[in-house]
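In the two assemblies presented below, chain A is common to both, partnered first by chain B and then by chain C.
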Partner chain A sequence: MDIGLQQSISDVSQGRQSQTLTGKRNHTRRIEAVAESIFTLCAFFAVFAVGAITLYMIANGVPAVYRLGFREIFFSSVWKPAAEDPSFGILYVILASVVGTVLAVFLGVPVALLTAVFLAEAAPRPLAAVVRPAIELLAGIPSVVYGLLGMMILNPLMYRLELWLFHDASTHRFTGGANLLSAVLVLAVMILPTVISVSETALRAVPDQLRASSMALGASRIQTIFHVVLPAARPGIVTAVVLGVGRAVGEAMAVNLVSGGAVNMPLPFSSVRFLTTAIVGEMGYAEGLHRQVLFTIGLVLFGFIMLVNIFLHRLLREEEG
Partner chain B sequence: MKAGSPDRFMEKETTLRKGEKSMFRKIKDAVAFTLIYLAAFYAVLLLSGIIFYVFAKGVPVLGLPFFTTVTSVVKGTVGIAGNLVNTVYIVALTLVVAVPAGVGAAVWLNEYAAPGRWERLIEFATETLAGIPSIVFGLFGMVFFGTTLGLGYSILTGALTLSLMILPLITRNTQEALRAVPESYRSGAIGMGATKWHMIRTILLPSAMPGITTGILLAVGRIVGESAALLFTAGSGYFLPDSGSGFFHKIMEPGGTLTVQMYLSMASADYDAAFGIAAVLLGIVLTFNLLLKMLARNKLF
Partner chain C sequence: MTVILMLEILLWIYDGVWRPCQKSVLPSQTVIMAGSTSMEKFADMLAECYREKNSRVKVTAEFTGSSAGIQAVMSGRADIGLSSRPLTAAEKASGAAAYVIALDGIAVITDADNSVTALSTKQLADIYTGRIRDWQELGGGKQPIVVAGREAGSGTRSAFEELLGIKEYCYYANELDSEGAVLARIASTPGAVGYVSFDVLDDTVHALSLDGEEATAEAVKTGRYPLCRSLLLVTRGELGEQRRQVQEIFGYLQTEEGRKLICEAGLIVPDYQ
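For the complex of A and B:
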């Protein structure tokens, strides 16, 4: 019995051992397979997300175009969603977004480029150590805070300017400072951090040899920066500007409070409504066709952003070679 | 310094003597340097102006009741306790969804994917996701999570929407961290008989931890500052959760974060509360920036 027991024990333990060995191998293999498929799933999550967003934006944005007609929406400038005979022309809204973005980029990019030059080329170390964190912080400030400051500081100043400029103009409709120009100024500030950090990286990637050669030929530091380094960094700077455009087009909350919000021709001193602010301002209570048109506006915005993204993607791939 | 026609160049050479020319150049350089310094100074001035102004206007509003009560006309209190709780809920839920997905995507891209069409597609999708404005995420979240999945206006809807938004941030930072892990770590682990998953779990992810943490800190900053994507997904409730109603009950209810509440305060011209919340938000942003700086200098791990 003793021997029998021992025998059986060793049998069992041997059997189990061999069983666990193959079992373990199978088990490991299964875990490996599960791990890989989970990672793959995670990776495709972004693709699903982009696909779903595209699908939903189109599915919700197109019906209004279908119901009202392309011209009625895109080539009409009358926006009266609540009227007896409602009209849903978003021409001015689109124009305001385009004009606002272009102006903000024109104002913001030169400052951003000069700051990037400062950080990459000109700044003594201790100064750069102050400026760079400051810019990182600017990027972190929530857009509503920019909106609050624009509302409390910029708008009153703008109103004074408006009073001074139009004090004897009889046709001007006063906006209390909430106008396109205010929005543009806020946007110009908000795109600074993005444009600065991306173009600084681009400037730093320019090989030192180029700088040395230029200086050796007798160019001054400034000449080297503006005639050699900046042109060499051009692809990266273009990327920075395009990123800035994307940010400016998509910004909603900050400009909502400083731009006035009436649907008007985008002139500097008129109250305007952007693609983004149209959605923020009315989505809360819009119903039926009105709501569908707001989704069309969202679709237009999404279209702009996709254009920017595709352009950006091309640029990045060119940069990589 | 455009390469002008040769005769223009000659003309210049004759009219300007050498001394004058270098003088002219020096002035031009000085002007350019001044502009460069002014631009940098402007950025710093802007930031310090913003911080100073917001704190000057906002800090007087702050006080213990501001943090511990809920705005109520009946009790005559103005407070953000409910919004603080909502913010914590949304941050936590968003991270719970986005961090595993983002880290997983980065691991796949770096460790499993063969360079090719799929890898490029995922890179493109991640890039695109990073470029989509938050208001579009808001619209999508409202119709997809809110209507199609039937979650309505709720903290869960808001968190799911935001998790799509911050996914690229997590993926990018993790990828960068994984790239920095030396190849010898991988071959060493595999050579010792570790399976791939074992190697990822015990070697790669711990080495990439600082990078992942950076991504998480950046994401928290983004979530705390977000408003457009939350306005139509998580809504704007500002009450404290009922005691004992439970976690799942709470996340199915609407709830506005600090930023959303700040926007609503501004829209209803309650500027005192808006500045108070702005000061709190700036405080949070500053803290997280400091944490990031410490992380970059290896002081957290």
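For the complex of A and C:
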């Protein structure tokens, strides 16, 4: 009887337990469902934002092209948006952005790549512990600070160089140091952290057997790095460079402060205007067609960024495949 | 950058769709002013002063540029536009009305170390069109001239170029997007020349005298100083059609107190007012 009673008690308690368990399970399922729908909503918000921006840029950027014609905007170099007889050629603006970005990448990438090699392959631990945080800090500095420093330090230095180089040139228009070269130097520094960290990751992902076999075949450490490790990490390094390009193309604030802002052919010592700074600099006072053309410039910039992203996407997929 | 662009666009959507919707339910006690950065000091002082004087009516001001301000007025997002340039034909045709509220002089500035202190308007025009390229030609030391100015579309720029009769013939080495940026650039660049409104002048730069007239409010009021322009308040439709609160602001600016405020903002009250 004792045993029977005990059993029935345990039966009851077990029954209760299983009841609460299923209750709990139902409860968790509900939470899961709610959480899932929240995630989906958030994901859709991003998609919605991209969609809205794309539509908005196209809707605002295309009308000017219709009104002025493709040639008038993209193949003319005369930018006089506020004149009686205005002309809206943005060729030099596009060229300045392209040239500035390419030069910045040419200057910045070798430095960044060698830094990455140093960090991944050669650096003694204590030294790496100093260099890595410094690079992370570099990534965190707001772009306006780069611009300010460029304006206060780089521009006066550039002006001195300019005065020395052109001291007896009669046709040069002095820019006071605010020129393409200053912008390129600032951009080159700004892309460093991105390129360094992504390519360092790529270098670290190269399997150690490759290094070991190369060494075993009698290659020196430097030979191993340049002939084995770097080629093996190529896709990751290209990704790093493309990300750097994206950063350089889209930068506005720093460039605005150091580049001078006049629309000129992108020569090293000319004051130039980039796609981004054309928008930043003129949106406040622009009206009518001028304003619409600024949106077209935005569309061009948007196009550039899209191209960079598509290229990047392709690369990443190739890397996986 | 993309993030900023995205935020900007969301802001535009907010400005264009959400705010107008909201505005209709806002109490009409708020008067919104929008426009030129050249009138920032004036508008801020007006807003503050008016708030103290008349606690029922709230005056707010935002500074997005003359064109953006006029556009805000025409789309009903603002009540009064602040413009440092005359209305365009298109703006007049769409029903904008403008009222001269103050005069402003444009000072021509150099860095503090420059030995040239006076120019004629002819010389100034030659500098900006690129015919004179070195301070030596103007009696200064041998130093190239760095020509700085504002971006296309700026009210100060169009006034400056129009007054000198060199509209769109200027070759700038630096085009900067605010008065403060011009001031900073001129102060830090030896041999630079630029132009700003009287009210932002400070000791870091030197204001040149033009055609023998010092850059002073007196010279502007008498019309002897060659570079002066009118600052406008812009409304959608004539002043008489505006809300009572908006009309009151115009009335206030005509009073002795209002005139004093305009002077304190570094602007000049026109004599015919």
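To be clear about the criterion, the second predicted complex is superposed on the first by the 286 of 321 C-alpha atoms of A that agree within 3 Å, B and C clash if a C-alpha of one lies under 4 Å from a C-alpha of the other, contacts with A are read in each partner's own complex, and residues count from 1 in each chain.
The rule we apply is simple: contacts are C-beta pairs under 8 Å (C-beta built on N, C-alpha and C of every residue); 3 or more make two chains touch, one makes a residue touch a chain.
Keep in mind that this is a model prediction, so the values were computed, not measured.
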Exercise. Name the contact category of A:Ile53: first (chain B only), second (chain C only), both, or neither.
Key: both
Quiz item: Between chain B (first) and chain C (second), which, if any, makes contact with A:Gly250: first, second, both or neither?
Solution: both
Exercise. For A:Leu307, decide between first (touching chain B), second (touching chain C), both and neither.
Key: neither
Practice problem: Classify the contacts of A:Tyr285 with the two partner chains as first (chain B alone), second (chain C alone), both, or neither. | Solution: second
Exercise. Determine, under the contact definition given at the top, whether A:Gly177 touches first (chain B), second (chain C), both, or neither.
Key: second
Quiz item: Is it chain B or chain C that touches the larger share of residues in chain A?
Solution: B
Quiz item: Thinking of the overlay built on chain A, is A:Gly147 touched by chain B (first), by chain C (second), by both, or by neither?
Solution: first
Quiz item: Which of the two partners, first being chain B and second being chain C, lies in contact with A:Arg221: first, second, both, or neither?
Solution: first
Exercise. Examine A:Ala212 and indicate which partner it touches, taking first as chain B and second as chain C; both and neither are also allowed.
Key: neither
Practice problem: Please indicate which partner A:Pro81 is in contact with in the superposed arrangement: first for chain B, second for chain C, both, or neither. | Solution: second
Practice problem: Please identify the positions on chain A that touch both chain B and chain C, taking each partner from its own complex. | Solution: 49, 52-53, 56-57, 151-152, 250-252, 276, 280, 283-284, 298, 302, 305
Quiz item: Contact residues on chain C for chain A in the complex?
Solution: 1-2, 4-6, 9-10, 12-13, 37, 64-68, 70-71, 88, 90-91, 130, 133, 144-148, 151-155, 157-158, 167-168, 171-177, 184-185, 188-192
Quiz item: Can you list the chain A residues touching chain C in their complex?
Solution: 49, 52-53, 56-57, 79-84, 151-152, 155-156, 159, 163, 170, 173-178, 250-252, 256, 260-263, 271, 273, 276, 280-288, 290-291, 298, 302, 305
Practice problem: Going by the contact rule at the top, pick out the chain B residues touching chain A in the complex. | Solution: 1, 25, 28-29, 32-33, 35-40, 42-44, 46-48, 50-51, 53-54, 57, 100-105, 107-109, 111-113, 121-122, 124-129, 131-140, 142-144, 164, 167-168, 171, 195-197, 200, 221, 224-228, 231-232, 259, 262-263, 266-267, 271, 274-275, 278, 281-282, 285-286, 288-289, 293
Quiz item: Where on chain A does chain B make contact in their complex?
Solution: 28, 31-32, 35-36, 38-47, 49-50, 52-53, 56-57, 60, 110-112, 114-115, 117-119, 122-123, 127, 130-131, 133-138, 140-145, 147-149, 151-153, 189, 192, 196, 220-223, 225-227, 243, 246, 249-253, 257, 276, 279-280, 283-284, 295, 298, 301-302, 305-306, 308-309, 312-313, 316
